[in-house]
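Next come two complexes built around subunit A: one with subunit B, the other with subunit C.
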Partner chain A sequence: MGRYLIRRLNLFLATTLALFIILFVATRWFPADLSYALSGVALPTTQQQLQIEQDYALHSNVISQFLAYVTERLSGNFGISVTSRQSVLNELAGVLPPSFELAFVAGIIALLCGIPLGMLSALSRSKMVQKTIMAATLTGYSIPVFWLGLLLSLWFGIELGLLPISGQINLLYQIPKVTGFMLFDTLLYNGDYKWNAFADVLAHIILPACTLAVLPFTVVVRITRAAMLNVMNQTYIRAAEARGLPYHTIVLKHALPNALIPLLKHLGLMLGPFASYAIVVEVIFSWPGVGAWLVSGIYQRDYTVIQAGIFAVALVIIFFSILIEVLYTAANPMSRKEMYGTN
Partner chain B sequence: MELSTLCTPSRLNAYLSRAEPINQVTTITSRVATRLLMVCGLLLATSACQQQDDSQVPNGLVYCSEGNPESFNPQIVTSGTTIDATSHQIYSRLIDDNTSSSEFLPALASSWTVSDDGLVYEFELRHGVKFHTTRFFTPSREMNADDVVFSFSRIIDTENPFHETAQRGFPFFDSIGFNKLIKQISKVDQYRVRFELNYPDASFLANMATDFAVVLSQEYAEQLLLQGTPQLLDTNAVGTGPYQLVEYVKNQYIRYRRNPDYWGEQPESEQLVFDITPRSTVRLSKLIVGDCSISALPKAGELQVAKQHDDLEVDSRPGMNVAYWALNTKKPPFDDVRVRQALAYAIDKRSLLNAVYHDTAVVAAGILPPSSWAFPDENVELQYNPAKAKSLLAAAGVKNLTIDIWAMPVARSYNPNPQKTAELIQADLKAVGIRVNIISFDWSVFTQRLASSNYDSVLIGWSADNSDPDNFFTPLLSCGSIQSHNNWANWCHKGFDTLLRQAKNITDEQERKVLYRAAEEIIGQEVPVIPLAYAQRMLLKRKNAPYVQLLPFGGIAFDKVSQPEPVGGRH
Partner chain C sequence: MGRTKLYLDDDIPSHSKRVWRLFAAKPQALIGLWGVVILLLLSCFGPYIAPYAAEYQDQSALLMPPSWSNQGAVSHFLGTDDLGRDIFSRLLHGAQYTFGVALLVVISALFAGVIIGSISGMMRGLKSSILGHLLDALLSIPSLLMAILVVAVTGPGLSNVFWAVGISLTPQFVRSIHQTVHDELQKEYVTAATLDGANPLQIFWYVIMPNVWDTVIIQTTLAMSAAILDIAALGFLNLGAQAPMPEWGSMIMQGLDNFLFAPWTVTIPGISILLSVLAVNLVGDGLRSALAPMRN
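Then we have the complex of A and B:
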């Protein structure tokens, strides 16, 4: 087990190193002065300029420049934003929680709706039900998210006037930031309008979360269905049936946990597309997350923001992919032998 | 049943052939699944319903603004976005423009006197004015002459520690030559300030009433200097205006709270929030949904949509502004007047106006808009004539020309859609054999990058800061304004400059009008810029939103604003 974890940790470190190398090289291609692209200080004083050159070892060879770059970034110095002249790290800390919140809610929706539907389509004997579900998921899978998001805001926001279509909360509520997660912050907030604010946050998250949930939802349905069909044909299910166990026990206790294992693996593979969908959704619904921040940084040629945004998004994906892989290995008896380093 | 017995294939087959149990499995699973689905559906539905029952939100007003402010001090910027977010909300000026006449209204100065030679202005200050009490600053004294002296000497005194912190200078004051104009600013007594000028200037009071001439707190500046963070003066703003800055989150919002100590009439809304929304379609949809009750700079095409909604209305007034296309006269081939004239002949302003502004603007003949008293009676415009453009280009020996047009992707009050304008110009110029590249950056970096690059031409415009016609000439096209990066044409014409100086030194309106007409004629012949349109200023608002003052010269004021019904309610 220990050896396995160390190997995964090594993988994490190696990928992060590769990420650093790519970012380091890309930064040199930015059409701007290198010290400006690294620090974000547009008009440095002589003293600032010297400090930047020293921090990033700009007068040394490429290797020490790279080391200096990594050291600065790892110690949390991402420079300042070109447009707001505030620390990029602070801005990043402000935009990460809303993104996690949105992704989390979308993930929950996808799982809560996707797993039962997948099971239903696998176990139902009605061709009608199966085909309807599969047609629906195929449609959902093929709909471009930018179009779906706009359509949902047009229907539910503008025409029906049911749901808000942009932002995280009505801006008139002034909720102090504690955790950065608006759903928690409104619950922690003790003032007038507490429950109104909480309901407002819920209403604001519905449309973006549903839009973002569509892609993982369809994948969850399809994987659950395939896995369930596969599992239900296994001999141990027949054994359980033969033992006369009640059928919901068979499905929920014996079949489902095993069917969820391949699902876990696919969730890991889906992180990349999910993250890029999240960026699109954030832009459409003006969600104040890292995606919208990164895109506006690109429009404003805010080089430090672009670097930090890419770094954060990539790092999160790498981290969660490896985490899911570890969980998968831990949960899957078939691959558990890997843990002992025997293969 | 023993496990071993089940494992005999024949029995198993027999067992499996009984279909019912499997069916039972299916029904149970589907029941579980349906229940789960219902639960998620219910969760969503209840949260939506909850929202509908309660439309209670705190008292306040949300304004959908078009972009991030560059700073929180209007002294150091010229962009309308920053002015809107600061000048009339956070700060006050010594005197204010009067919307109905050319007189001025007392603001922080309760009265003022001008010496007979026009060289000495004395302002008597209002008593009992308090600066904002914020998280970072608690004023210990009321506003007095020291604050006024500090605010303006910061601009002209290079020794002042706060002169340096404005890294890009004071563009408006630089463009009107403020440092050359002012001989001395002095404190006469606690509530009296004297400005001594080097030469008489008819536009001095008008300039003191502009959005840029705000009064800062000297006490706050000293506190910042002691803390070693003088640059915060322009970001953590402290002023004497009706609202005080609470929080600014880039790309998201600016939050203000009513200033309880405001010297004027208290605004009715407790809170004012600028919801930063760069895309105008998103602003429109937020307005329809009710996320904001007032929205800035609608595109002309969106007015139709707004008309279909009964609860929306358009607020418009003729603007003191002009949109123009500036040609970099320092760079070949634009240093040749024939090329510049050819470009002016080549573009069809009327069709451009139809496409970009619909009926919300008039074709610009010159730089001065019709709402100015000095608007010339005769037209000096170069009419659309592609044939003439071609022959002028041939005469100048220019072939296979490719030019860059810089056009920002965001709306400004003088041009709701610069990108589209650029595309139409691109099409017009193609007809005379000129290829066009369109270059575009977000507003907050647009002017900075433009200033530092060797551009060909730029689509830009100007919203007047005051009622004086000089405001359209000296800041934009005088030799002195090249330095302050407002003269995008980089055009310096001695005769033109002399005319402007003459016009500033006299006070008779008729005589000045003749001089400004002559100046317009020079622009018409030399074509450093090609005026395109005078746009109306427009706001979209919900019918239940209160009266907002669109100031004639640029900014927007919310002081008289209140919100009769909560804004967050969905309709």
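Then we have the complex of A and C:
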């Protein structure tokens, strides 16, 4: 296992390096002055210009420029944003937690609804139930997420007037930022209207989280169903039936844990599309997260914001996909057999 | 003179015939196939059968509801948008941008993916592993982020969407083809062919590739639905097809201003995106279940 972990760590480092190379090359292709694209300072004074040239080694060869670029980025210098004149790193720290919050809530909704429904469609003997669930998941898989978000906000937000459709919290509440996660911050907040604020945050997250949850939900249902059908045909399930165990014990204790293993693997593969969807959802619901920040960055051609946003999101995805892969290997001893001798 | 049948035993259906029979046994897969065929025809001939030009503005019919509403008229079957442009015609014109471009992107990505994937799958050791890791890095950048990067370099436009979606789809093809080639290479029939004296090129083309095409087909349908959704999403974010273009996603974006009192300008293009992705997914599902018994 130790050797395996080192290999995964190497993979993480190699992928991060490749990501740096992609961004470094893209930065040189931006239709802007190189020092401006790197630092975000539009009209530098002579002193600033010298500083930038020194930091990014602009007068040396490409290799040392690349090394300087990596050093600057790793030490947290992402330059300043052209529009807000703030340090990009601080802005990034402000927009990442809301995105994590949204993704986390959406993931929980998808898992909590998807796993039982997948089991139901695998175990149910009625063709009707199976076909309805499969048709619903196929439709959910095909729906364009921006359109779904618009329809939901039109219906629940405006026609029925039940839920707020933009932002993270009503502007009336002044909640100090402690963790950045609004759900925790309102709980930590000690003032009047604490619970009103918490309810308001909950109401704000329902629509975006449900919209975002549709894609993972359909995938979870389909994978759980396929895995469950596969597991229920295994011999150890028949052995458990022969021992006379009650049906729910067999399903919950013998079948379900084994069916969840392939699900874990597919969750890792789904991170990329999930992030794409999250960006669109954040734009539609004006969620103050990294996706909306990035899209407004591209509208304003804010090159430092674009680099930092892409770097952060891709790094998070690389990290979590490798983490899920490690968890998968830890949970599934059968996959360790193939680990050695191949790549 | 008719041919007399000499042998009474049943003919053994070929691989493709068996797949087709299994596929055609499912009505929903056939419906999906019809949908895809219609979309293909529309993306070729849509502009010729559309009643109006895509940019024609009928000033007497601004924001006219669809024809089944009381204020609607049959001359504008699906209503008009805020500039008086006929939505039905725009949908017909737009099929070539949304569906046609998606098809082009997928075919190009498939071409690149098959070449890179089979080369890296046939290689062993460090070279194959380096290629794999580079692709992992590309794969970890979601398609939308890749599109943002491409737009930052080249500016918005439909041709840049082609590159953005293509770059994000290719690694998926490469990865699945690499994996399949790699798995097939370990099997005994390949060893048998090697012992018969086949050179690597023959092994690749005559021995391994026939077993890889199934994976390629399934991956193509998956990529197709992803490509349609990506192109529409980019159009919606105004990073892809630009304003007067009748691309379906950007039609939704253009209808957004009048969403509250003219919801059909948003719902109708959305439904056409949904139906086309659904058709592609139905075909993909049908193919997957038709190929599944043979792969195991």
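For the reader, a short list of remarks on this structure follows.
We take it that the second predicted complex is superposed on the first by the 335 of 343 C-alpha atoms of A that agree within 3 Å, B and C clash if a C-alpha of one lies under 4 Å from a C-alpha of the other, contacts with A are read in each partner's own complex, and residues count from 1 in each chain.
The rule is simple: contacts are C-beta pairs under 8 Å (C-beta built on N, C-alpha and C of every residue); 3 or more make two chains touch, one makes a residue touch a chain.
Keep in mind the model is a prediction, meaning the values are calculated, not measured.
After superposition on subunit A, the partners subunit B and subunit C are seen to fit next to each other with no clash. After the superposition on chain A, the angle subunit B-subunit A-subunit C between C-alpha centres rounds to 90°, nearest 10. After overlaying the two complexes on the shared chain, residue contacts for A:F30 are found with subunit C alone; subunit B is out of touch. Of the two partner chains placed around the shared chain by superposition, subunit C is the only one that A:I317 touches, whereas subunit B remains out of contact. After overlaying the two complexes on the shared chain, residue contacts for A:I158 are found with subunit B and with subunit C alike. Of the two partner chains placed around the shared chain by superposition, subunit B is the only one that A:L171 touches, whereas subunit C remains out of contact. Using the contact criterion defined above for the overlaid structures, shared-chain residue A:R301 touches subunit B and also reaches subunit C.
Shared-chain residue A:I143: touches subunit C; no touch with subunit B. When both complexes are overlaid on chain A, the residue A:V280 reaches subunit C alone and has no touch with subunit B.
Residue contacts after overlaying the shared chain place A:H59 against neither subunit B nor subunit C.
Measured by the number of subunit A residues touched, the leading partner among subunit B and subunit C is B.
After superposing the two complexes on their shared chain, the closest approach between C-alpha atoms of subunit B and subunit C is 5 Å.
Residue overlap on subunit A between the subunit B contacts of one complex and the subunit C contacts of the other covers 158, 299, 301. On subunit B, the positions that touch subunit A within their shared complex are 1, 3, 6-7, 12, 15-16, 21-26, 28-30, 32-34, 36-37, 39-40, 44, 47-48, 50-52, 54, 56-60, 62, 68, 167-168, 235, 246, 249-253, 255, 271, 273, 275, 277-278, 282, 285-286, 288-291, 409, 441-442, 444-445, 448-449, 566-568, 570-571. Subunit A makes touch with subunit B in their complex at residues 42-43, 81-86, 91, 94, 109, 112-113, 115-117, 119-120, 123-125, 153, 157-158, 161-167, 170-174, 192-193, 195-196, 199-200, 202-203, 206, 210, 238-239, 241-244, 247-248, 250-252, 286, 288, 292-293, 296, 299-302. Contact residues of subunit A toward subunit C in the complex are 11, 14-16, 18-19, 22, 26, 29-31, 138-139, 141-147, 150-151, 154, 158, 271-273, 275-276, 279-280, 283, 294-295, 298-299, 301, 303, 306, 309-310, 313-314, 317-318, 321, 342-343.
Listing the residues of subunit C that touch subunit A in their complex gives 125, 128-129, 132-134, 136-145, 148-149, 151-153, 155, 182, 225-226, 229-230, 232-233, 236-239, 249, 252, 256, 259-260, 263, 266-267, 270, 273-274, 277-278, 280-282, 285.
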